[in-house]
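Going in written order, the chains are labelled A, B and C, and every chain counts its residues from 1.
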Amino acid sequence: MAQDVQQLIARAQAQYVRCIDDGDLAEWPDFFTPACVYKITTADNYRRGLPGAMIYAASRGMLVDRVASLRDANIYERHSYRHVLGQPFVLSDDGNEARSETSFMVARIMRDGSTDLFATGRYCDVYVRHADAVDEVKLRERIVVCDSSRIDTLLALPL
Amino acid sequence: MAQDVQQLIARAQAQYVRCIDDGDLAEWPDFFTPACVYKITTADNYRRGLPGAMIYAASRGMLVDRVASLRDANIYERHSYRHVLGQPFVLSDDGNEARSETSFMVARIMRDGSTDLFATGRYCDVYVRHADAVDEVKLRERIVVCDSSRIDTLLALPL
Amino acid sequence: MAQDVQQLIARAQAQYVRCIDDGDLAEWPDFFTPACVYKITTADNYRRGLPGAMIYAASRGMLVDRVASLRDANIYERHSYRHVLGQPFVLSDDGNEARSETSFMVARIMRDGSTDLFATGRYCDVYVRHADAVDEVKLRERIVVCDSSRIDTLLALPL
């Protein structure tokens, strides 16, 4: 990946949050490689290297299942999210994959119109270049590190 | 518009929010072309294709009038906004105009110092290159799609 | 500084907030030149040109002292911040130094997990190119202009 990896990642991030906030959630797994890690954890767990995670998926198939179960439970009609992300900070880039961290704030909007600051934290990502498209990157790993330990993600949209 | 349209738009957005949050509101209409659409609506209305809008203006002149009426009513001394925007996501670009979507969060700061998350949503924009300056883009259309249906914009600053 | 000063600044900002939110606060003074100004003030004071500041430091050494005193008081174990910044808007760039303004929102996460929107405002910055590294910029001046006058920064992390 060339010098513009930061821009490729920034573009991928914008597309990712658009999918969750305004798009079709069924497309969300497409941002990941077939073998991937998606995990939601807390800053406290992450700092101490503890394995505990609120959500853990080890393949794109598991992400597809998760979206299907949200749809069956009719969860994502009941609220929506709004993500605002900072600039991705690229930690390393070996030409094949790049590691980056990106801060996020997520607001949750309930059906009655009430809005609150639902989650803050950072994405710790490993991006790889997509084999079929040189201007695209896919997530091989996304660890969503939430700042607060008080996050109810049991029945929530993905972060 | 060349490959850097994303950066041109990002720059225009930064200037736009600076005008509202920290600058002279009288300059706000200058971000639009003379014939333009500026509309504030809800995600619910927008999704269903309903025409209802909380604010609607069909020309730069109407935006000038709006700013003048805010000034006369002395509204914008009473509170201020802080916008934070995500990366613009460019949906299309035919060389003359580009369509993009950009997430926003807006905090409102009252005169007594209290701060709340006032609005979240996205800008659905059509940008055109400014005739007199190749490195500038102007809004031909901005649909402000608010996530919540509980937004009081009657006497508020523009979004 | 060439045409990409906007990107250099955006990258420096991402690194800056990562240091405060997720990194080692002891490295925070390194974002500044040895002789520098760091000031936290309110929009009200800033607009009227009043000298009053909630925090004022006139050198990198004073920033080092501040970090040390926070550590001694064990303050920054008790809460954490999450910054999300907008695009830096470059006001001027004479080749040696660049002036920019950047909007911010900062959430504060307490040890019990509660999260609130702690501060909003803008950074009014003067960046200079780092003598030893052409792709790096350092802060010669950062005025943190908080929108609200109700900010308790007495014992808080830096903004």
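Methods note: contacts are C-beta pairs under 8 Å (C-beta built on N, C-alpha and C of every residue); 3 or more make two chains touch, one makes a residue touch a chain.
Bear in mind that the values here come from a model prediction, so they are computed numbers and not experimental data.
Judged by shared residue numbers over all numbers used at their interface, chain B and chain C contact each other through mostly different positions, with under half in common. Superposing the C-alpha atoms of chain A onto chain C requires a rotation of 120 degrees, rounded to the nearest 5. Averaged Cα coordinates give chain B a centre that lies 27 Å from the centre of chain C. Contacts with at least two other chains are made by residues 84-85, 105, 117 of chain A. Only residues 6, 43, 84-89, 101, 103-105, 117, 119-122, 147-150 of chain A touch chain C when the two sit together in their complex. Chain C makes touch with chain A in their complex at residues 7, 10-11, 13-15, 17-18, 21-22, 80, 82-85, 105, 107, 109, 112-117.
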